[in-house]
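Letters A, B, C and D name the chains as they come in the text, with residue numbers starting at 1 for each one.
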Amino acid sequence: MLFERIESEGLAHYSYIIGDRTQAIVIDPRRDCDIYIQKAREAGCRIAHILETHRHEDFVVGSIELSVKTGAQIWHADADLNYKYGTAVQDGQEWRVGRFKIEAVETPGHTTGSMSYLLYDPDKTPWVVFTGDTLFAGGVGRTDLLGTDRIEQMSGYLYDSIFTSILSLNDGVIVCPAHGSGSVCAESIAERTWTTVGLERKFNPMLQFDDRETFIKNVGKELERPPYFKKMEKLNVRGPPLLSSLQRPAALSPLDFEERMEDSFVLDTRFELEFGAAHVPGALSIWEQGLASFVGWFVPYTKRIILVPRTEDPLPALTQLYRMGYDDVAGFLPGGMVAWHMSGRPSERIETMTVQELCTRIDDKEGTWILDVRGKGEIAQNGAIPGAHNIHLTQLPEAINDVPKDRTVFIFCGSGLRSMTAASLLKRNGWDNVKVVLGGLAGWSSSTCPLDQTP
Amino acid sequence: MLFERIESEGLAHYSYIIGDRTQAIVIDPRRDCDIYIQKAREAGCRIAHILETHRHEDFVVGSIELSVKTGAQIWHADADLNYKYGTAVQDGQEWRVGRFKIEAVETPGHTTGSMSYLLYDPDKTPWVVFTGDTLFAGGVGRTDLLGTDRIEQMSGYLYDSIFTSILSLNDGVIVCPAHGSGSVCAESIAERTWTTVGLERKFNPMLQFDDRETFIKNVGKELERPPYFKKMEKLNVRGPPLLSSLQRPAALSPLDFEERMEDSFVLDTRFELEFGAAHVPGALSIWEQGLASFVGWFVPYTKRIILVPRTEDPLPALTQLYRMGYDDVAGFLPGGMVAWHMSGRPSERIETMTVQELCTRIDDKEGTWILDVRGKGEIAQNGAIPGAHNIHLTQLPEAINDVPKDRTVFIFCGSGLRSMTAASLLKRNGWDNVKVVLGGLAGWSSSTCPLDQTP
Amino acid sequence: MLFERIESEGLAHYSYIIGDRTQAIVIDPRRDCDIYIQKAREAGCRIAHILETHRHEDFVVGSIELSVKTGAQIWHADADLNYKYGTAVQDGQEWRVGRFKIEAVETPGHTTGSMSYLLYDPDKTPWVVFTGDTLFAGGVGRTDLLGTDRIEQMSGYLYDSIFTSILSLNDGVIVCPAHGSGSVCAESIAERTWTTVGLERKFNPMLQFDDRETFIKNVGKELERPPYFKKMEKLNVRGPPLLSSLQRPAALSPLDFEERMEDSFVLDTRFELEFGAAHVPGALSIWEQGLASFVGWFVPYTKRIILVPRTEDPLPALTQLYRMGYDDVAGFLPGGMVAWHMSGRPSERIETMTVQELCTRIDDKEGTWILDVRGKGEIAQNGAIPGAHNIHLTQLPEAINDVPKDRTVFIFCGSGLRSMTAASLLKRNGWDNVKVVLGGLAGWSSSTCPLDQTP
Amino acid sequence: MLFERIESEGLAHYSYIIGDRTQAIVIDPRRDCDIYIQKAREAGCRIAHILETHRHEDFVVGSIELSVKTGAQIWHADADLNYKYGTAVQDGQEWRVGRFKIEAVETPGHTTGSMSYLLYDPDKTPWVVFTGDTLFAGGVGRTDLLGTDRIEQMSGYLYDSIFTSILSLNDGVIVCPAHGSGSVCAESIAERTWTTVGLERKFNPMLQFDDRETFIKNVGKELERPPYFKKMEKLNVRGPPLLSSLQRPAALSPLDFEERMEDSFVLDTRFELEFGAAHVPGALSIWEQGLASFVGWFVPYTKRIILVPRTEDPLPALTQLYRMGYDDVAGFLPGGMVAWHMSGRPSERIETMTVQELCTRIDDKEGTWILDVRGKGEIAQNGAIPGAHNIHLTQLPEAINDVPKDRTVFIFCGSGLRSMTAASLLKRNGWDNVKVVLGGLAGWSSSTCPLDQTP
């Protein structure tokens, strides 16, 4: 029997493949879908069905890609949307996977037509429930995607779906959601990488509310909403283009790279230290593993992208970009900044400093302005540097004018990575005097510098 | 956070690696242990501890191998045995893995000092229990290893361990045993590849008995006991030799192979069809994936082995043999039987036939003698061919004289693979007139041949 | 600097990638072209140009496939053909690869517009010459492809090309042809896997003829001409379909496989022993590594193919089939014959025998009829079994009625592999009494059986 | 037939494997020798013999390692040394590799007992000559290793070996040396990655001298002699320890890393930009690909090493270190500098600047002091920055006091990589005011800055 979870890091997205005898089913596949084909082949299975739990808004779903390559049939939830492909799932519908059975269970709330899928073992015991964005380890799906006015209604649906359909299962049933810790699809997800009905019933803070009212009041919040959600939603209903139809990005010489800079967006996916030390003028810094989380906030879909990749191999960055629907990547700089400098082209710098250096300056109120780009939750949990100004990284484009141009801006986050993204954003927009604090709050609080702990 | 199960197919053995921040722990490692080192490295962890749940008897444990390569500390259970390495675990002992905690829980029954390990998440919630050979999906550990006279005592211990220590956990706690379906360490293991306390409490047939007495009566059986258990037990207490200390098997030309045949055991790991069609005279047939299950029954540890591998690559077979403690493999035939035949050397055949052919002969009581080499359980579940004589494959060496030499012996099993092992055993011992039924009972019962269904 | 030869086994086809600084050139790419992209990426190069030495007739060229994936420009030789893609190369045309230069040299003879390419090192020394099918290690290109009436003319062209353009180079220049030993594009190719102008000048038997006349007389022969050459020629001028446009073959259950058998050609790519032991009724046997050499002779391009692959993985066979332009492969049997038999379906056998067994029967002139399916060259070189009838495997379809139906036909070749192909062909056409001799002539002549040595 | 060159980058070392039928021979294996075993296995061969061309001085030879793993016999040249393993080769000695033959040819000069090996094809044609460090593409072996007083004698031997033994071969014979471009074993090696007797006879500048005298005068020079040569020589005669006997380096947390710093040498193998941006105080910078060339000059063999690797994976750096005989690597920092900073530990910086920035400062003779760490050959070929002071990187430890401490030192090389090594060396020794010029002379000469071209 084949039962595997395929994780897309960065997105913290979980997809699943279940196979038995010669048949397999995939749930919520990602766009770079060869992994499912390979797993199925190794197990001697053919992927016969693709099940979507809901219309995803945080990544490009791979159903069409996988279907074209395997002939598998696509089943989508959210039947009320105007899908251009596949067939709508009905509540109670069943599929066979060898000796196992899968059954659709309507669980609206996160979207109007969200589906969960219940897997029975050969003895007909309910064994695993695939909950999509309905229930996570330690969290529940967000209910604000249809707009502020429908939050209450959707939160009520979610309550019913979880308390009636999911929690009625045996505590031993394994819960397989569509996301793990780090996703933008829920306020917070626990570190339990596998979970069960019993663990969630007892330890999920969102399931501890006494009644439907309290649940709605606590869950029904408006959360930050990435601008790319709209693009994803459209793509996933219409069906995204096949990866094989995209032009492969070219390896560009420094000369060719420079020529393309005029009509392209320069994205640099190296780590913060390298970017700070030298980068192509005007480049935006997002470290490779941070692409899924941040590219959608800062890079317009209308722009062609050219890449300065982390290593000689641009594939990891491309994979992330394609998962987010950035299909127009024209090229990359294979020799990196060494080639750039050897061609005699000038680069720019963003200065970095250690926490110790910031610590000695912190009382110079005149000269320094400290910018904290972390989220509210992190600040509440880990504390802050006294006197720092908080603008969450994702809000920086909107709030950029709150940052003074006439003072030295010291930027910090949790580790130093997001700070460099912020610094590069500021620099692109004319702020010249920005410095990144290496190690971020983690480094700060490991040293002897003063820390504001919120009560 | 790193949490992965590493499966050794054939053995149906499960080992686990848990990592967080820079530390990792491995539970019950296998001998070919590079997989753990690789997983740890990818996660940026160092393997600091190796935990054994008990003294294994069905495979060579990899603790020393892994410890030598990583510097990790070895913790063994069954402290009363005279271990030559590592440190004995105490009940209640704790280890940290980054933000997670692991705690030892004494669960005797399968062996006298078997340990389970309970993993707590950062919020101190009991999350996963590693049960070794104490509790499986749908089964429990066997209790007959210390001898017939102690079965009742050990079964009582096992009852207490499971009902007191394991079942007292929340139904949502995930259960991670040392074996999956197909192991020789339990009478039967369910197809649920992941399970939980709740699922076992409700669906494990061994946990449905009302009281300790009934449990002991039903669980406390004597099971078949492979002759290699003794060797494994000794090796695992003394500590097996390092793989790097073994001489690598040589690629042998047909001439060299023939010369070594005199003082070696010829093991042929190809599938049944190829073996039947042509094999080196005197070879024993065990198909590659069947090695872990059967080699220990038929190949003496005192014999040097030479291999006819399934493909050009002998590594899969070698890996299986080393896991079973067969360290003296002198060489293999890289060009296979094509090279053998091209060198002008004679080969032998074992005839095969389809179920249709057997079906037409079944009434010829004089000429034919049908040998069923399946186990009792399979026969009970799937039925039998009328008039067939049953000798379980593993019992064939002892019962070989029950098979007539003067009649054509038609051998079948579930699929045809074990039948060829049986046929080659008979042939090595002087039975010339043996035929293997392709497809076995599966094929038989899919066609229109008569079937004895036990009530 | 990057300089690598990519070998396509089976076809004995050689392609080349040359790269320096950020640029690369590929010569005569194969259809499964990811290997070039990977090599270029590892070297930090972009494939800018694709050079074809001539219109290939023995495999599907990968120029379009590679161009679509990289944006490289295609340059084809044989400018007089009506190409649907790329640009025609001119004699003397030059390309830069970093600090290196490549120059086109017209070398007609094998085809009318064959090109060689001369690579100069940074010091402008002629260093390597890519000779396509003009000059091989120990052989020259065949000149009979345009028809019998033009052999003399084309052979004259070939003489001029080799003696004037190639042999005028320094003896130390490295010769890189489009094929190695085993190709159908030359009568014979030597075992030197790398060669030079000097080695060919001195040791190539075709270059030892005194004058143009004698060369033409000796080289200008009509050779066997595979029926698929026509298909390849058309495809390579028109441009073959992209691999990503093909439907992926499905993993078929035995039931599905059986259903597709009616409208499909069953191709079994396992080795001779397994095929002989049991195969799907009506299947043709071509062992995996023999596909490139033989599939084009026996499988019509108009038929849909279904596969019984050598292992669980059908990819090696698919790769071979796609290289030969067999794009319509509908599916494969993932579980192999074990699954087939377990589903209760009947199989068929072809008997095999050792050389020893044939040896004892060879004087029974009445009952036995020995068929030798090797080529004339092999027979001349290695001898034959007394009394054997020779029909070359590729001629068997035409000469099939020369084989008697009323006698036992013993088939042999060099090793036993081609014999099984012949046996399966005969069986498909109604010959029931065929037996394959294992080890073939190699086995025969290694034992003490009588051998006819041609003087 | 198997014939492959295995390249060890960094060392620019070439080793070879030749195989046919079931046998293979390896020439001058490297220490990480699994690659040969894998190649042999894929070709169905067993490595029977290991041939050394001479006692290597620039890397640890892998003969013992490979012999222990395969049982192959070791044949060493330089029979007059006191070898602790293997057997001395005799001039004219022969080995069979399937249908091919290899013959030893005495070619002293680089060392006293250097051997070349001549490979004959099955037709007995001399086909390939393995020349060790006797003859390279575009160069010859150095003759100064036995000391100044024997240079003339050894150069005379080398002349005889090349002109008598090698150049007597047909121009078409392929020449396979032990090194390619970039090695320390010859003054200069050409970019031809494959070469022949004919190409060397005509284009190798060292073979253009009229007579023995002139050859000796021109070749017999004293070259730079890395301090590690002595260590390698001893190891290679005594036989290096097995890799499996080394303790695997541990993944160290920042705390553990810091604790080990006291008794260890901190080696940072990241690129120049990252190192400059932030590094562990006191670390030496050698970028990963530069290890083979430079580690032996700067890191004493008596020191334990701890690593800051380029990526999460320390293996590439470890492989380089083990090839150079640095066996005592205690650990590495898996999370890199991000982890270091997050733990609150301080780091240091070395400033970098673009060529444009240096260009504007070049006339400030007071404040700036420009250090060029390239070799004489590079300077002659590519020119220099006016006013720069030249100390070759490898000579910096000896000449360090020639660098002023009271001025800003601008360091440049070809690209910026070696400059950072120099900067880190200076910094470790108390120079605080050092700056690295990005892009080095390549960048400088691609821009509009003034350049001194030597006539």
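As a working rule, a contact is a pair of C-beta atoms (placed from the backbone, for glycine too) under 8 Å apart; a residue touches a chain by one contact, two chains touch by 3 or more.
Remember, it's a predicted structure, so these values are computed and weren't measured experimentally.
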| field | A-B against A-D, pair bridged by the larger set of C-beta contacts | value | A-D
| remark: If chain centres are mean C-alpha positions, then the most distant from subunit A is chain C
| Centre distance in Å when subunit A and subunit C are each reduced to the mean of their C-alpha atoms | 49
| request: Return the distance between the CA-based centres of subunit A and subunit B, expressed in whole Å. | output: 42
| said: Measuring centre to centre with CA averages, how many angstrom lie between subunit A and subunit D? | reply: 44
| query | Among the residues of subunit D, which ones contact at least 2 other chains? | reply | none
| message | Give the list of subunit D residues in touch with subunit C in this complex. | response | 1, 3, 99, 121-123, 125, 127-128, 170-174, 190-203
| query | subunit D touches which residues of subunit A in the complex? | reply | 271-274, 276-278, 311, 336-338, 340-347, 349, 352, 354-356, 414-417, 438-440, 442-447
| note | Residue set of subunit A touching subunit C in the complex reads 21-22, 37, 40-42, 44-46, 69-71, 242, 244, 247-248, 250-253, 312-313, 334-335, 339
